[in-house]
Each structure stands twice: as C-alpha cells, then as structure tokens.
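Look at the two complexes coming up: chain A is in both, with chain B in one and chain C in the other.
And then the complex of A and B:
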C-alpha cells in the first residue's frame, strides 16, 4: 500500500525527531556520567595536542625563530661590525636578496652543487668585504635547508650543524658554510648576489662599533678568534622587572594550572607548601606542575613507552603548540614578550628527543636571568615531557637611556680574570690549575667563547646593563656591570 | 791601526745605542698590536698596549713621510693619555684608513713629575692588501669536476 505524501512527511519527521533525541540522550549521558561541562568542551586537552594550530597565545613559527644569532660584516681591512637580525635586511627580503633567499635559490638549482673546501680557502675568500651569519645554537644544516626551501637535498646530509653561513663579494656566485665538525663547504648560486654585495658594503661603512679578535689585543701567544668590541657607547640602563605571577595569588595560579590539566583538573591533587610553592599532581606523579615563589612554572610528564620518536623540526612543532596552549610568550598579565632560541639539543635523552631553550629580548638586547631561562621545553617520543617557564614583564622604554661609554671589554677581562678563574675552578670547569697570574690570565682568555652585552636580572628583580662573558664552550656565563666593569653574578649552564 | 780604532769606536757606539734603547723601554709595557717589526695589511689598525702596573702612559702613532735613510715622523695621533689604577690593563685605540707605509708607535710612561721616564717603541710596515681572487682560491678544475659529477648524478641518479 502506497503512502500519501502527507504520511511520508510524518514518517520522515518522526525519524528526524528520533535521531535528535538519540543524540541528545548520548550528550546528556556524557554530561552527567563523565561530569563534563560546556567549558571543558570549549577548552582542550594538552595531551591530545601533537601538532597543528590551537587558539592559544602567540609563539613565532620555526622560520622566524631558527635564524642567525647575529651577522658579522667586514670590509676586509680589519675588524667586524655585528648586527642583530632585526636591524638589517641580510636574511630574508621581499626582493629575494637576503642570505636565506640565496640559500633557497641554491637548493632549488638543478643540479644542486656543494663541495667541501679547506679552512684556508674559507678564511681567504672571506678576508674581504663579506658577511657571516652566525648561529649560536645547534641546527643541522639539513634542517636549516628544510626550513628555508621546504626540502633538503641528499647532498647536505654530509654537513653537520651550521655555525656560519657566509657570503663574500670575492665570490658572488657562492655561499659558504662552516659546520660544527670543523668542515667547510661551498654552495653554488644560480645567480650572483650583487645586491647583497652592495648592501653589506653599506653596512661595513656604518657607525657601528668595530670588533677585533681577542688575540689581536693579547699578542702572539693567544689563539682565540672571539670578537671583542674596541670601544662601546651604549644606551642601556637598569630597569625594574616584575615576575610572571604572584605565588600568593591562588586564583591566578589555579587558572594557569588548569591549562596543563584541563580535562582532568578535578582529579589533580594540590599541595600548598609553607614556602609559598604550589604543587599540582596528577595520578601517582605521572604529571606534576610546580608554581614556584619566583614566578616560574615547571611541568613534568612521564613519556609513554609505546610512542615513536619524531624529527627535530616535528618536535619543535609539538613544542610550539604546547607553548601556545600555555598562553604563548605572554605573561600571566598579558604582556607579550620577544623570544629567541638560546640553545638546542638533538637526542638529549638518547631516544631521539629534542630540547629547546628560549631566551627573551628587550629591544635588540638579550634579557637574561642569572639562574634560569625563559622557556625550557623537552619533547620525547612525540610528547612534551618537560616544560619550564620563567617570564617577567617590564617597560621596554625604561631600558634605554642616554649613550654612555662602556668600560672596554678587554679591560673588564683584565680587571676580573681572577674572579673568572676562581669561578671556573670552583665549578670544576678547568682541566688543570694555573701556575701564576700570567697563566691564570691566559687560561681565562683562552676559555672565552663569546663577549656580548645586554641585561641581566637576579632575585632583586632589577635588570642591569651588563657585559656577558661566556666561557668553557658555553658552560659558564659571567656578568659584569657594563659601565664600571664590576662583577655582578654568574651562571653555570 | 786607525781602522781598528774606528771599528772599536763604531762597535762601542752601537752597543751604547742599543743599551740606551733597551734601558728606555718600560719592562711593564708591551705593545702587543701591532707587534714590533711586523708587516700588516690592514686598513683598520688596532693599537693594543698591555700595561702591567699602575701607570699613566701617553701613546703616539707616527708615519714615516721621509725615507728609510732620512726618516721624517709625522704624527697620526700624539700623546693620547691613559691612566690605569689596575695592575693589568690594556690601552686600545682604532685607527681607520691607515695607508701603506712605515709607522712607529711610541708609548711614554709618565713619571710623578709629569715627564716621560720610559719610552717603548714598535715599528711596523703597512702594505696594500691584495684582493682575494676567486680563481686563485678555488682550484677551478676541482670545482668543474665536482660540478660534472653532481650533474651526472642528477641525470643518472646516485
């Protein structure tokens, strides 16, 4: 028997009503049975995040972060001028004339050409008007190539972690690479980098301070090419910083903690210690969050054994997503900060895990804490297993004053070499003891791997303008006041 | 006999001059850069003087505008004063656009009466720098061979 159109409509309506009621029943069961709220649905689970974008805070992408730590420009007549990536157009330009643009062009050339060259050839070709992009952290050249052009040719696998990517006006059709294994390479470009040549010529004639290798100051016996400025007029001045959150403000801390345990916060044990520290613990310590009195948040999670390890760049994506989910690089009060990559570690856990350490900048200068880093994050087997954040808020305008002559860096070392030597001795950073003052001075100057300046703050929450002297292959940073050369503090990494 | 006397006199004069020169140099002052009797090719010159005591020094840089036989020292900068209260410090100064020629750096150690009690010297030669030649630096045959190898690899696979 055939149904009339009216009966058909009634049947279809019934079907729709039954489906809607069934869905509603399932949802209501979930709400009541699993104790889920609408807020929980809107929020997200940290553990379920492995990649992709989330509606969290801001965190720059890999391409914006894995950039050179500085550019060293020389006109070949003695001395280098150093530039921050934000102040020059040496890396990426809209016209495609930067070093990353040239590297991309080289990688996309068929056939791609790379050859190993000697140190002598490298030094000779760069001993003229040239620019070096210096990387202070570990980044495999193949990973840099992937970031720059989307893929890395098989030929670049032989190159280790990049230390310098260089361009010389004496060989405008090439780029040069120095890696962490002490090997040097030459890459051919499809076109000559004429525009970059004229741009770095302008930079080489700028008023920026000149840097010379430390052995030029010390004489023939020293062999250390760490760059030291001959004189410096700086605008840096001391300023107050405020820690990320007040440990007494339970509401703020709970709000921060909920981001880490969103779907299971009701099952988290909360321990408020007498010191003011708050510990949040899930399960039998599978996940722990510590909100410390100094405004730091530290999160630890046991890695699942059944997960596979991921590549360095994949690990960075996971780390970035996690950081974004925690509010990005903004303080609890909402101040946006400027991060940079301070150091990285491949395979830090022996299981292919990756470790990323981020610092903060105030303008173009580093803002360091003498006991912790802004963000430390570890990714093991595709999961974030460790995260620590130590943020401060500050007024950037109060960090800049009138230009003053800083104490010459070489005299800061001459004045304080005994202090540095003693710190190295106390922290077992020396292979052998020195016999006499001259030997102590020599040991210290040999151990220096970087001299820079920026801001350093400690427990008193005053960021001080400082010389930052890095020794023992980055194992030690010693801070001295920028204008008087007085010892401030130190940090063993 | 006259020749022998003349030789003895000349030798004595040389010895006296040398001993005078050494006596005049301050043992606590070392001109580290540029080192004495070196040839440099730099256009930007770093002057670095190591001072191993509390002292006041005056540093000068001269260029020889005469000849080797009849030098005429013209000051590039003169009597740049530097005082240190530390037992170890460095006087440093950059000199830009230094042209080729012979130069002399003089460091006077100033005594309590305000006059020079020691003078330390360093003589250097500055030469024009030859530009880096790409073909000379890179063996073009090696480059071509590698390029050819790379080309063949890209065509036939590795």
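And then the complex of A and C:
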C-alpha cells in the first residue's frame, strides 16, 4: 500500500526522534559510568579544552644524539683529519658499512667475542690508516651497545664509559674500544670492514686541515697528545643572535609557562619582579619556573620519595618526552635548532639520577654561550627535577663568509698563555703556582685537553668565530677570536 | 512487520528509559561528592587533641584568583604630597581622620575601592590609621599600611601594600573550610594540644615577597587562614585542582 506524503513525513520524524533519544540515552549512561558531575558540566568551557594543551615539539631520538662527537682519520704517516658526524658516512650507512653498523654486527655474532688488549697494542694498531670515533661525553659502552643493537651482551659490562671506538685497516676484522678507565678492548667482527677501509682512505686524502699532537710543537719533555691544526682556512664569520623570548612580552612567557604547569596553571602563583624576571610557583615551591631577562627558562621540581630510579637510557626517554612537551628544540618564535650532547652524568644525585647537557650547532660548528648551555635536564627517580633552557635564534646563512686564514692555534696559545694561566689561578684550577714564565707556559700547555673552533656569544648577542681552548679536564673553556687570536671570554664549567 | 507501530513502541521505550536515567542522575546529586559533616570533623579534631573556639565557615566566598600589584611608597613623594592635603580640624573624630587619609590616598594614586581601615590608634598628638587590602570582603595577606597623623597633619605612610589588579576569568572549585581542617589535621603544625581560634578566607600572596627583589605584581591565591594557639597561623589552599 502506498503511503501518503503526510505519512512519509511522520515516519521520517519518528526515525529522527529515535536517533535523538538513543544518543541521549548513551550520553546519560556515560555520565553514570564515568561519574561526571553536574559541576563538571558547568565548568566545561573552551578554556578547559585549550589550557595546558601543547603541540609536541621536535627532539631527536637517543640514537641520533648519542653519536661520536667527531671522527679522527689518520693515514698513519702523522697527522689526523677531523670530521663532524654530519659531514661523513662513518657511523651509520644504508649499506651497513659504518662503525655503528660494524659494532651491531659484532654484538649480534654468536658467540660474541671481546678481549682486553694493552695500550701499546692499541696505539700500534691505530698507527696505520685508521679512524677513531671520539666521544666527548660520558656514555657507558653497554648503553652504546643497547642503542646500536637493542641489547648489550653481559661481556660488555666490564667496559666503562666509551672514549674512543676505533677501526684500523691493519686489523679489518676487529673494532677497538678505549674506555674512561684507561683500558683497551678488541671486538671481533663477523666479516672484514673492507668498505670502511676504502672510505677512510678517501677521507685521509681529503683537503681537510691536518691536526698534529700539540707536544710536537713543544719541547722534547712535553707529553700532550691533544690535536691542534697546523694551519686553518675557515669560513666562519660573526653574526647576530636573538634570545629565545623578550622578558617584557608577558603573553609569550605565559604561553611558555603553561606548558610546564598544564592543567594546574590557573593555580600557579605568578610573581613579576622589578628586574623583569617572572617567577611561577606551584604549591609551596614544589614546582618553580623562572623566566629570566636573558631569555632563559629554569624549572625545578621536588622529586617524590616513593619513586624508583630508572636507567640512564630510560632517563633519557623521560627527558626527551619532557623537552618535546616544552616545544622541543625550537625557540618561542618557532625556529628549529640543532642540538648535540655536550656532557652527561650518571648518578649525579647519588640516587641513580641522570643529567644531560645539550649544546647547539650552527652548521657543523658548535655555538656556545659563555655562561650557560642550551639545555640542562636532570632526571631523578623517573621524574624531571631540573630543566634549564637557553635558546637563541639566528640566520645560519649569515654565519658563513669567505675563507680566511685563521691565526694558528699554537700561536694563539703562545700569545695568550699568560691570560689562560691567570684565569686558571683565579678560578683555583691549578694545584701549584708556576715559578717563572716558562713554567707558566708549560702548565698551560699541559692543561689543554682540546682545541677546536666554532662560535661563542655572550651578553652582547653577537656570535663570534672563535678558538675554543679547553683546559683542566674540561673544567675551563677559554675563547679567542679565530682570526686575530684576541681574548674574548671564558667559562668555568 | 508493521514498522510504524514498532517505531512508536521504540520511541515510547526510549523516552521512559531516558526519563528514568535523568531522574536517577538528579536524585544522585549529579555525581557530586558526599559532603563532610561538621560535627564529625569536630569530634575527629577533639580525638586528635585539637579544639575549636570558632565556627567552621562554609564555602569560600569567592571563586576567582586575584592578581595584585605591589605599591612602593617613596618618602620624598609622600612628603611633597602632604603639603597638598588640608590638616584635620583639632578634636576631629576617627571618621574625619579616615576621610582625610582617603583624600590623601587618592592624591597618591591608590585605588580606594580596596582600602579597608582596620584600626585607629591614638597616642597624644599622634593618630595612626591601619589599613588592609580587602577585595569582596576578603583580606589580602600580608598587605598592610599605616598612615600616621602628627599634629593633625599626615606625617608618613608606610607598609607593604598590594593593590588589586584583576580577578581571574577562570573560576576555581572551592575547598570547604571543613576539608581545610582535615588537611590541617594531617599536616599538624605542632605536637601538643592545639586550640583553633579563627578560620577565615583570605587571598594569600605567599611568603616569597622580598623587598630586595621587589615585586611588580603577584598572584594572590585563595586560602583558608587558620589561627591557632598564640596567634600562630597556617594557610591552606582553598581550591581544588
């Protein structure tokens, strides 16, 4: 029987009513099951949807960050060429020919073989065409193995923190490890690293500047194997940097602070100080955030006692998640930055906590601040208890100019050793005073542990191309202008 | 199958179910928490050797967080302004002193909406007016000011003054005083018998104010101020997160 248009309309209306009533019933049941109160409904607002919600920023994974600080390639005839990880294919390659690939293959070999060797054996085998992957920060070899292959065999527990992972054409079936306890090890490879041999041979013949041990320029009695370039043509030039945020821009600072306190931000005590500093305080100092006038953010949180400590790599995951939640490695204005691991500390608090310090790079060079690091983050008992970030934005193109001859590093030291000596004296970094100028020079050259170049900026927000001379086992960095060798500033770590 | 009749029956069933659910939800108090009985709390306090000498207030009388500005008193500016204000007539009563002080505060650029005179002290030819910042009948702790008259003329204004700037748009869920008392019990400030003399709602700027640092503004959070034993005080947050 055909329906009239009126009957059709009634049927359609009934269908709509059924749908509406069904939805209502489901919602009411949800209120019961989820125990949603009337107050919750009343207090629901757009604010509650948006407050505390942040877009996760970018932060590289552990595998991309825990990599060698540099590669030193030698052809065995004297002199090393240094390469940044981004400029060579020495670590990981798609074909599986990098050092990390070889290490992974070695770890997955059954049975895995590692043996201790002597320093003499190590030095001898690397005195031919070889490559050293140098780690400037502390990373237990077992943790490196976990990162490289997903697990660490029990045999690698005997190895301390890695200082060098090396490969030599004199023993293509092995990898060599130097640890922070002054011990040396040989790892057996399942097959020879023939491709890496050819690759490093190419690198050893490249146009990159040659580095020699500093003691080859000093007297016969000097013993310091820190590498220094004989001559350097560099393209680095000074450029302007902008601090992360303007302390007067309250809206930006509030936006950054919301990320730290999320849903509880409305109940955070905010103190705007006359100096321009803004302090956010939650509870009775349980969580504090300071947005300083120099564009740094510093966050502290009390660790709860009932939490258990976590491993170093687990702590890194927690730190990474936290950094991502705070916008990642990007300035408040959204400029993405390039981080690297500057230093790490195991058990910094005596409770198994881990500390990570990140620096920034401009191209393949380090961009240092003479008073703070880009990110410092501490994880204690599975929680982030301290975080400090000091970001700058800049135009990377303006950092590169025409190649110019830099003042030779050894001449910079000869010109400024008194300055370095005085800084070491002022900062109590010397065990005893020198007797005479020759002794001062000797003390300074003995104390040097690294000579590199990059950019340094200070309060004037100008990043200057600089020689970076590291002394006192990393306790002091002194900066000199790259081309003139003039003293710029220094930093006690 | 007669779909027309089936739909009608379904609509009726759904209507009844929804009605039943709504009634259940409303009679259940909308999922709200069960209230705490004041008498039970008093009994509990007494078993813990804590005695109440005051009534337990109900809910917090406001639902916003307050931001206050710190006002710095500069002696040279105050000295210059005192010249502009007329002297209070000899033998004036408290109201006239308060009126004269208010006029002076207006010269200073203070907002008189939140000035509250709490006491007038007389000592010979000196009259001291004590003020607090009060917003919607709630005191701002620890904002205070003393305006001193000498020989009927304003001599000085001193204190640590915070002026109301704005109330938050977002409202908080207040913690009843009775729950603040339970918190007081769990974080008992001292051993031995405790006598609670007063429980009052305040806006609290915290203990962090430091004259050397100097504040421009600070958030004053709602808190219950519990005064016990010899005028000792404890502040307990009066909001739930």
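Observations on the structure shown:
Note that in this section the second predicted complex is superposed on the first by the 438 of 493 C-alpha atoms of A that agree within 3 Å, B and C clash if a C-alpha of one lies under 4 Å from a C-alpha of the other, contacts with A are read in each partner's own complex, and residues count from 1 in each chain.
Keep in mind that, in the parts below, a contact is a pair of C-beta atoms (placed from the backbone, for glycine too) under 8 Å apart; a residue touches a chain by one contact, two chains touch by 3 or more.
On a predicted model such as this, the values are computed, not experimentally measured, just so you know.
In the superposition on chain A, A:29 makes contact with chain C only, not with chain B. Residue contacts after overlaying the shared chain place A:248 against neither chain B nor chain C. Of the two partner chains placed by the overlay, only chain B lies in contact with A:113; chain C stays clear of it.
Applying the stated contact rule after C-alpha superposition, one finds that A:77 touches chain B and leaves chain C untouched. Touch criterion met: A:272 reaches chain C, while chain B stays clear of it.
Touch criterion met: A:264 reaches chain C, while chain B stays clear of it. Once chain A of one complex is fitted onto chain A of the other, the partner contacts of A:11 are limited to chain C, with no touch recorded for chain B. Shared-chain residue A:397: touches no atom of chain B or chain C. In the superposed model, A:21 lies in contact with chain C only, and not with chain B.
Residue ranges on chain B touching chain A, taken from their complex, read 30, 32-33, 35, 42-46, 48, 50, 86, 88-90, 92-94, 129, 131-134, 137-138, 142-143, 146-147, 150-151, 153-154, 158. Residues 3-4, 7-8, 10-11, 14-15, 17-18, 21-22, 24-25, 29-33, 65, 67, 168-173, 205-206, 208, 213-219, 221, 237, 239, 241 of chain C are the ones that touch chain A when the two sit in their complex.
Residues of chain A touching chain B in their complex: 75-79, 110-115, 117, 121, 124-125, 127-128, 154-155, 168, 170-171, 186, 188, 210, 212, 216-220, 230-231, 408, 410-411, 414-415, 417, 441.
Chain A makes touch with chain C in their complex at residues 11, 14-15, 17-18, 21-22, 24-25, 28-29, 31-32, 35-40, 43, 47, 263-264, 266-275, 279, 281.
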